[in-house]
Amino acid sequence: MIQTFTRKRIDILVDAPLCDWLVEHAAAAGIVHHSVLPVESGLGRTGPWRDEGFGTVAKRMFLALTNEDKAAALLERIAPHIERYGLVVALQDVQVVRGERF
Amino acid sequence: MIQTFTRKRIDILVDAPLCDWLVEHAAAAGIVHHSVLPVESGLGRTGPWRDEGFGTVAKRMFLALTNEDKAAALLERIAPHIERYGLVVALQDVQVVRGERF
Amino acid sequence: MIQTFTRKRIDILVDAPLCDWLVEHAAAAGIVHHSVLPVESGLGRTGPWRDEGFGTVAKRMFLALTNEDKAAALLERIAPHIERYGLVVALQDVQVVRGERF
Amino acid sequence: MAAFETLLSPVILFFVLGALAAAARSDLSVPEPLAKSLSLYLMAAIGLKGGVQVAQAGFSPQLLQVSAAGMALSFALPLLAFALLRTLARLDRLNAGAVAAHYGSVSIVTFVTASDALTRAGMAPAGYMVAVMALMETPAVITGLLLARGSGTLSGGQRGKLLREVLLNGSVVLLLGSFLIGLAIGKERFDPIAPVFVTGFTGLLCLFLLDMGLIAMRRLRESRALNWPMVMLGIAIPVLNGAVGLGVAALLGLDPGTGAALAMLAASASYIAVPAAVRLALPDADPGIYLSMSLAVSFPFNILVGIPLMLQLAPTVLG
Amino acid sequence: MAAFETLLSPVILFFVLGALAAAARSDLSVPEPLAKSLSLYLMAAIGLKGGVQVAQAGFSPQLLQVSAAGMALSFALPLLAFALLRTLARLDRLNAGAVAAHYGSVSIVTFVTASDALTRAGMAPAGYMVAVMALMETPAVITGLLLARGSGTLSGGQRGKLLREVLLNGSVVLLLGSFLIGLAIGKERFDPIAPVFVTGFTGLLCLFLLDMGLIAMRRLRESRALNWPMVMLGIAIPVLNGAVGLGVAALLGLDPGTGAALAMLAASASYIAVPAAVRLALPDADPGIYLSMSLAVSFPFNILVGIPLMLQLAPTVLG
Amino acid sequence: MAAFETLLSPVILFFVLGALAAAARSDLSVPEPLAKSLSLYLMAAIGLKGGVQVAQAGFSPQLLQVSAAGMALSFALPLLAFALLRTLARLDRLNAGAVAAHYGSVSIVTFVTASDALTRAGMAPAGYMVAVMALMETPAVITGLLLARGSGTLSGGQRGKLLREVLLNGSVVLLLGSFLIGLAIGKERFDPIAPVFVTGFTGLLCLFLLDMGLIAMRRLRESRALNWPMVMLGIAIPVLNGAVGLGVAALLGLDPGTGAALAMLAASASYIAVPAAVRLALPDADPGIYLSMSLAVSFPFNILVGIPLMLQLAPTVLG
């Protein structure tokens, strides 16, 4: 079987207007590559929301595959803001091909 | 490094008209917070589908981070319906920050 | 608790025009069922992109739950193309219900 | 010939173009938000036009008669469909009830296309038919459900939810709401918005039917649920329902245009509002069956054969 | 009566329809890309029309006066709102500043609806008011931020980013850009595009306000952040700001239409551009508060009460 | 002066507005579904108009001649581009072939903008040019592929898939389909849909070009693949191809409007249909190169310089 490497998958749910802010922090933590997925609706402590164009702050799912150190660095950087910015952060082990890329 | 907690990530692919039904079951299992992502197309035993506005039952991805007990409770609740409602359920371990939230 | 089975979750970020190509390879590896999620934007070695309708090659997230053998078979098949086609591949363990389906 | 005339209208030709493109596996496609936007637009437009027409023509007792007849048809027609589906297509109770709900309800696009064709043929239906259509959308769901599950199987909570889904369904609200707005504003205040809702109507309908052609044909090609008896019934039920509708129109003494519109409502099958309601209320029924029958068989049949036929029949039967 | 007239316009009735549908929990909804597309369209249309009007009427020194007054209002009005929010609603500094920014800025849809009503009442505002609106969009954000955080707390990089966000905000660019295009092309070259940007305007505005009714009412229903003092201030601040705006208009000797437009700009609160800027600049402030107040309280109040009132007052005060 | 006239048209000014907004890093953006919807609309509209014009003017033998010439150009022009890209930009075989395919094919928006400008200058191109454009879209892909990979390297399955992609490409199907519909319905049946497809055309084109300005400039700013030789060739190839096109038009004795349209088709480079086909057929080629050259360099050049130039040249060369 083809060789795989264990890396980290980091999913962060973030308000769309704060997405650039997160991307900058990720880059500062060494995570330059990422993808952003749309999110349609949700329910949290601040109530329900739905991406209707206006009247809500829409959300995005930031997704990056990276190595353990960089993931930890990103977490460290955003930790003070998680609560107040309403971030939802999930970290997982993941197998990738071409481990040197991440 | 910042402290993380092991929790469950539960992804459920569900028909859009049944999404509210799922949300209610999740809430009944103690999972009040969730996000819903759009899905564009897919292929299953019932053939291919594509979200074209009409003529198919569109699908959504329900996503919740929660603890093991609540995840088990939700699975227990929806188990009898998985087959007939065409649900696709995936459960994973995940590291979260601020474990008390989940 | 309801019985679950360990399977593989495979996420592949792929250029939209190559999505059919990937689906065919997946089918050839025995993975006939899958879902495709939209992706909005991203940043990689080839620079930033954004799904604006024109002027970029949009991307999709191919997602399949399957067993270890089929996942390995798919990886084997696409391995020679990962670099040049700009694929991003992530493999994870996942718990599913009704293991015989995957 | 009026029938051939209809087929040469740009609206129909765009439907055919979409169907051919899908049949040839072209990658032509209409963005989903455009399709949804066009359908909102069409509903607002026909609601407004109907309301303005009633505001001009004044209320007629016929409005109430036809509304009652329409709702009765919507309640009753699923029974006929159910019987045929059970016996001829050998569908189980559940799926037969689910399909029957679709045939009792109506297809807004079929109505709009029929109205367009009738108007061009000099038989414009009465303005209030829009309200009748809105009233016919949902009673069939109730009958279909009772047929599928037997009465009394719904919990109170489910019943409430279903009733809300049925009464406050987006298309019912938009159709009736726009109708009432048209009624309230009348012709003069309608004029400033008429360029969008009247002048642009047929052109935008072309784009919508292009999409419907694509979607209907893709559904037909990809459907794994259809078999020949279902395809046959997908043609037979609209013919029967249309005949019943025409009979009711004759009994009510409707003019050819209004009667033909009522008959086409009876003949048409829902493929937008009802599938969503049925997926929720009867999640165990197979969407592959009801969607394919109504969208991939009956809808094209009504557009390409039903409407031209009705244009021929109505003046004779109701003239 | 002009006020009642306004409420019977289709534009307002579609807003009411949307609000009622959402209140009844109908599943009616407008696809998000349609809502965004309509808002782009409205901005391009009013920008162009304003520019063409100024090209026809010629520059007047008033344009500069009113622009300066508009910007001064945008800078100053948050101070009033801030004081009221701190004292009466007992909001903390941060949230009071965030909310105040919204009330100093403007709502494009309120302006458009007011212009439409004023024009129909024979009091069309001057074309340059579009440019004034664009200029009023963002100064309030600066004041609101300074109120929320005190001066000197922004790093250089943040300040640059905020300034870019504020000056190059999409709606400012599109409004001013379309205004300049209208100015450059003049009436004659505008004619070929007038069917889209003028003839279609009111009809498309109906669809947009249908959506705004849905969104505003859903926000109101789902809001967990609102309390009574906030709701009261969501009405009081527009009234006060509108009065200040009317006073300034009187001081400048504006005609009733132009003055009413300036006053409605003062009365209106942003719920599109400013929330995005504030979420970025003050991420610790609660979006639930500022979105609910401006969108779910002040916006409907302005549409349903503010504009009809202004139609009555303006001719008296400025006549 | 006709050239300056062109630049002052609202269509071009909206393109410039978009480009400036993107250059200044404004967050202005057009929702992706609107962009796709507008492009469908433009294709249906020009197809219909072309077909109706041919239905009125009758078939001319010229139609066949120009179609043959157009397809020959599409097949042949990639050879010229390939040679230049290999020698001057030192691109490898693969990428040179990929880029060459784009320059042999056509840009629908460039054609539409050129037709609009030609029509306003009193030199409306023949209606059949829409069909010619559709025929020119895809032959270049075949040449480009053969250049990139050498013949015989395609498996049978790949060849079939490519041919389908090329012949049944959505834009080809919609353009030719609408053309045939226009031909079939003729002027009279076109009238009811003309408000959408003719009256609204230029206004909607403005919105589309606003988006194209944004996208082209963002691509230019963010491109990491472009270097100076590529930028130069992005200007030189359109100039050369346009000259070849003009020569062919002169040989065929075309009128200035039709000839200028053919030349602009030759000069234009695809950035919608061909990139998708090439990504599939030549996945190893770098999309950064071909997208940036055609969209960020040649497209703006053709819009801002090529079309005004052609308006000057065509009457002289073909007059």
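Brief remarks follow.
Labels for the chains are A, B, C, D, E and F, by order of writing; each one numbers its residues from 1.
In this section, a contact is a pair of C-beta atoms (placed from the backbone, for glycine too) under 8 Å apart; a residue touches a chain by one contact, two chains touch by 3 or more.
Every value quoted in this text rests on a predicted model; they were computed, and no experiment measured them.
Shared contact partners of chain A and chain F, listed by label, are C, E. Taken over every residue number at the interface, the positions common to chain B and chain C amount to under half, indicating a different-residue contact. Greatest Cα centroid separation from chain D: this falls to A.
Here the spacing of chain B and chain D, counted between their Cα centres, is 34 Å. If each chain is reduced to the centroid of its CA atoms, chain A and chain B end up 19 Å from each other.
Note on chain placement: the centre of chain C and the centre of chain F lie 34 Å apart, centres being C-alpha means.
The set of chain A residues touching two or more other chains comprises 37-38, 92.
Shown for chain F are the residues in touch with two or more other chains, namely 29-33, 36, 195, 200.
Judged by the touch criterion defined above, the protein chains form a pattern that is neither an open path, a ring nor a star, and not fully connected either.
Interchain contacts (touch definition given at top) occur between A-B, A-C, A-E, B-C, B-D, C-F, D-E, D-F, E-F.
Per the touch definition, chain C reaches chain B in the complex via residues 1-2, 4, 9, 23, 32-38, 60, 65, 92-98.
Of all the residues in chain F, the ones that touch chain E in their complex are 8-10, 13-14, 17, 20-21, 24-34, 120, 195, 199-200, 202-204, 206-207, 210. Taken in their complex, chain B has these residues touching chain D: 15-18, 21, 46-48, 50-57, 81, 84-85. Residue ranges on chain E touching chain F, taken from their complex, read 31-33, 36-37, 40-41, 44, 48, 164-165, 168-171, 173-174, 177-178, 181, 184-185, 189-190, 192-197, 200. Residues 29-30, 32-33, 35-36, 39, 211-212, 214-216, 218-219, 222-225, 271-272, 275-277, 279-280, 283-284, 286-288, 291, 295-296 of chain D are the ones touching chain B in the complex.
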